[in-house]
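I'd like to ask you about the structure that follows.
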Amino acid sequence: MEQLLQHLLNGLLLGATYSLLGIGLTLVFGLMNVVNFAHGEFYTLGAYAVFAALVGASVSFFVAIPLAIAVGAALGALCERVLLRPLRDESIDTVMLVMIGLWIAMQNAELLGWGGVAKSVGTPFSTQPVVLGHVSVSPLRIFVFVVSAAFIVGAHLLLARTKLGRAMRATFQDRETAALMGVSIERIHTITFAFGAGLAAAAGALLGPVFLLYPSMGDLASLKAFSVVILGGLGNFAGAALGGIVLGVAEELGAGYVSSGYRDAVGFVIIVAVLLLRPSGLFARAERVG
Amino acid sequence: MNRVITSMALLVLGLVTALPALAQTGEPIKIGVIQPLSGPVAASGNYVRMGTEIARDWINARGGVLGRQVQLLIEDNKSDPKEAATAAEKLIVRDKVPVIMGAWGSSMTLAAMPKLEEYGVPMVVETSSAASITKRGNPWVFRISPPSEMEALGLEKYLKDFGIKQADFLAVNTDWGRGAATAFGDLLKRSGAAVGATEFMDQAATDMNAQITKIKAGTSDTLFLTTGVEQITLVLKQAQEQRLARKVITTGGSSSPSQLIKQAGPAAEGTYHILFFTPWFPEAMPDGKLAKTFVDEWNKRGHPFEGLTEGFRGHDGIMTAADAIKLAGKPDPKAVRDALWKVNIMGVNGPIRFEKDGPAGKESGQSKPSIFIVQIRDGKIALPTFAAKK
Amino acid sequence: MAAPVTAMLEVREVAVRFGGVSALGGVSFAVAPGTVTSLIGPNGAGKTTAFNVITGFQRPSAGRVSHEGVAITGWRPHRIAERGVVRTFQKTSVFPGLTVMDNVLTGLHLRGRVGVAAVLLARRRVRDEEQRLRQEAERVIEFVGLGRRRDELASVLSYGDQRLLELAVALGAQPRLLLLDEPASGMTASEKLAVAALIQRIRQQGVTVFLVEHDMRLVMQISDCVLVLNYGRLIANGSADEVQRNPDVIRAYLGAGARVDA
Amino acid sequence: MRRLGLGALLAVCATAPLWVWNPYHLHTLIMAGIFAVLALSLNLLLGYTGQLSLGHAAFFGIGAYATGLLTVKLEWSPWIGLLAATALPALAGWVIGRLALKLRGAYFVLLTISFAGVISLVSVNWMDLTNGPLGLPGVPPVELAVPGLPALSLRTKGAYYYLVLATVVASYLFCLALIRSRIGRALVALRENETLAVSVGIDGTHYLVLAAVISAGMAGLGGGLYAHYTRFVSPEVFLFSYTVTMVIMVVAGGKGTLTGPIVGAVIFTVLPEALRELTSWQWQMLLYGILLIAVLFFMPRGIVPTLEARWRRP
């Protein structure tokens, strides 16, 4: 029982960050029809940005995080303008390969810039765990969980309540109609990609201090983000948010009670099962396929 | 578009013109080096590379080998076995090296080995620990690192001091991690201790909480940890979060306790580490003077201190290869292979001397390295109290 | 009305519901062999849904469809095509990236036999069959009058030519019952005349034609029998003259804001 | 003219071991040949049916393990091994094809990625069968036994080069015949307009599964050739980077053409090796990524179709 509770807590904490990774990716896919293989690189970028801000500019940890998000969003906007906009009319796999190229280039640029040695980021939080009954958790992870949840809720409110969010949702539903109604599709695409990149950078900025920083850290993040997106349904915001938690808990239980070697298989198996049984994602309402 | 082509052409031109600068005057003796310089284990590979460069400079400062300068041809295997085989082939065929040192990971070494047999070129294996490397009947392989079994035997004399009743294993899911879990598990069972949970983690995994929770549910007193220093850091931090009360022993010799203190902080307190080099007290090494000089040189070059526990292997590997060339009297692969059997030098780790291992008639060489244990106490590296006594 | 024993197509009590909305509410009719039969009705009456059910693209909620006495309800579309029931689509539907020739060759798919084994082993048989198919494709292309466009990409053809190509692709599949979904929509008056003539020629070759069409002049000119759908129900069934005089039909069209301008 | 060029090209390829004196360069050519088979196989799905498989490394790896296990553990002939290396992945392709019936586009991509992920983890964790991360060393070389003559081992690079070249030529001719037959037209029809294709009697399920089976079988054969060439199989054969390499070769070379994937395979095997000679290791991959983006930007349809169009224009 004690073990189960700890597993569930671990899964929940991990899952919230998976959600944060997933929603950025799912938005970019849903609105722009771009499979962003470089998503994990923005995660890496966020983590290194925090490191640079802390070590280089010696700002506070709480200032470093928004800085990292800004850097991620700015670079995301730049990538959209330079790489994606000219390829608007190309096929989805051409665009995907460009993103693969970006992924390779960014990762190796990071390797060149920072070297292969893992770096760790210090935080103002105590390393002594908080003990709640039979389970324990570090203060840093609680902070990460709370901030991730806040970001997810914030992103949701942005989409649901603001004029920009309405324009984004309109674009998602029907690009042509949205354009007719006066939405600037180009602007929405730039904002969306910057938004997705910013969320990935936020995840990196939060998780970098929990784990370690190394140039290939984004690969695992990408993998998890993709799993979450499939689980929740491509382009489904709420699905991604829930999918992250489901994946986190499922992985944790799989590793805890089945076999730790197959930990990452849990995600894949869920994906295959979801695709075969409910290809529109676990949390989609039944829709008529026209 | 034209501008792109022009700039590409200029870039290419610049690189081509830079190449001859690498070539040295006279006919240098080439030694091939294959290391993971990029990819997930790039940090370790680069430390080993730094070690090889120190060895090269020392040899050349002393007048080289056979009166000729030594030149290292360093190839990246990108942490990928296929690349290791390609690199070996390139070094042998294009660069005509008489001997190679490499290739860090066991799967990379294993992938390169058929090329050694195919072309008849010896390789000094400096890090790989899979038993199968010297058991497969490849007479071109000479290993100076210990296979996991040998490492386990090195621990045997301390087993009583540790007082292990039951131990769990958490290892990286590679040949190395699995091999170490088996070897140390066998040792424990032989000496009457029990083996609890054996858990694995993916090479790239960062969250090991599930494994730790599972281990915590058991009743063991000791945790054997086999993986790279990055994952060890994460496991120790996450174990602290979950208040896992275990004696932790890391195996494999690449745990770099200095880096652990730096990155895991208090989470690393009290942990034990099996090492093949203790740069904190070089004087305790079999050749204290050599070890001291090596540490000083490393620091002088501004290399990170935590890289020393990997870097020394590069030094020892190149020294071994160079000595074999000297003994052979010529940089010829077959002569160097025969000479490797006669090598008897003092490395940073200790004496290097090859004994036969593997199927009769096609034996590989295996040296018997020295093995040390250190403990992190009060944020510093110390010899364990029981070891200090001995 | 009892269907003729030898009906080319018989639809009995077919109903289709999407969620709570009923698109077809128990429709029954038959198409006699060798005729040109038209299905008309205001927009949203369920005409295309009826076509989709007949050709297997939509599974009916109830009812059955049979072709020459064989029940084909719920069969997958390609099997229905194998029986010689072939359709065209309301929106222009060709293979845009292929030439006219390749479009028609693709339509001839069912007339070929070779499989992977033959491709690997019986090269001669493959070559002979390919030659035969090309000749047949040539004939179909000439038949619809696209001879001069043979090697052009479908995507660069004019709209009218694309609609002709669609017909050619369908004819390639050797239909015995050809279902045309608005074959003349969007065409100029002269193009419509050509299509009408073409449909007559198709019928003369022994192919039964069943079409959905909005142009009443065309419908009345070529149809032996006209069926009228409104709100998913059949409200009239008879010759062109009878249907035009049917008060229900007039009401349906006026009510829907359209005119029977025959 | 075209015939002459083709003949000249074949002559150059056939005599390569005679004038490529450097075995390292010959090695690069062999790898290019193996990747040409893989690229042709992926192209069958991506280029002709329009379905992108990002799990092709799984078929490649299953092929490598099939022959590796049969020849190492059961000591069967490598020829039977290569046969199994084609058959077993083809079977896997059939399963994937059946499962993916209704999945198109991005969903198909994700299914194939996940399939490859699961297979890869199985290869690492099913120690008893695959030896796990230790891999399978000692895969025997291919022997050519002609009755009455002493067995000829294809252990040397030159001999293996011919085996690979023969496989590339056979794969190319097979794809060519397939594409020009009614089967090829059916595949293209499904890519161009699935609804219309089905309405003229093309059994979509049948042909998509068929394409998956053939594609997987060819990829497996490539894996088998790779295993007998490197004489070592380890879970790394399932690496996603192999799939990415194949996709780059097909798309950059020109998907939906038959020469494109081969050209792509040669360029993107030789390019990293050339970069290896030209630059330090830190810059190799960075340049590779940038070059990939550049190719896609300036030749989005692929190298071969773009050059062909340019050739015809003046």
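All chains are identified by letter, namely A, B, C and D, in their written order; residue positions are counted from 1 within each chain.
Operating definition for what follows: a contact is a pair of C-beta atoms (placed from the backbone, for glycine too) under 8 Å apart; a residue touches a chain by one contact, two chains touch by 3 or more.
It should be emphasised that the depicted structure is a prediction, and the values quoted were computed from it without experimental measurement.
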Chain nearest the global centroid, as defined over all protein CA atoms shown: D
Longest centre-to-centre distance from subunit A, chain (CA-based): C
Geometric centre distance via CA averages, subunit C-subunit A, whole Å: 49
Whole-Å separation of chain centres (CA-atom averages), subunit B against subunit C: 73
Between subunit B and subunit A, distance of the C-alpha-averaged centres to the nearest whole Å: 36
For subunit A paired with subunit D, centre-to-centre distance based on mean C-alpha positions, whole Å: 32
Contacts with two or more other chains, residues of subunit A listed in rising order: 108, 111, 261, 264
Residue list for subunit D, restricted to those that touch at least two other chains: 124-125, 282, 285
Residues of subunit C whose C-beta touches two or more other chains: none
Pairs of chains satisfying the touch condition: A-B, A-D, B-D, C-D
Partner subunit D, residues of subunit C touching it in the complex: 55, 57, 76-79, 81-82, 86-89, 93-98, 102, 105-110, 112, 114-116, 119-120, 123, 126, 129-130, 133, 169-170, 172-173
Sites on subunit D touched by subunit C in the complex: 174, 177-178, 180-183, 185-186, 188-189, 192-193, 195-205, 210, 214
Contacting residues of subunit D [partner subunit B, same complex]: 22-24, 27, 31, 124-125, 127, 132-135, 137-138, 155, 230-232, 234, 236, 239, 241, 273, 276, 278-279, 281-282, 284-285, 294, 298
Residue numbers on subunit D that touch subunit A, as the complex places them: 46, 52, 99, 102-103, 105-107, 109-111, 113-115, 117-118, 121-122, 124-125, 244, 247-248, 251-252, 255, 282-283, 285-286, 288-290, 292-293, 296-297, 300
Subunit A residues touching subunit B - in the complex, by the definition given at the top: 2-3, 6-7, 10, 14, 108, 111, 115-118, 120, 127, 129, 131, 136-138, 141, 207, 211-212, 214, 216-217, 219-220, 251-257, 260-261, 263-264
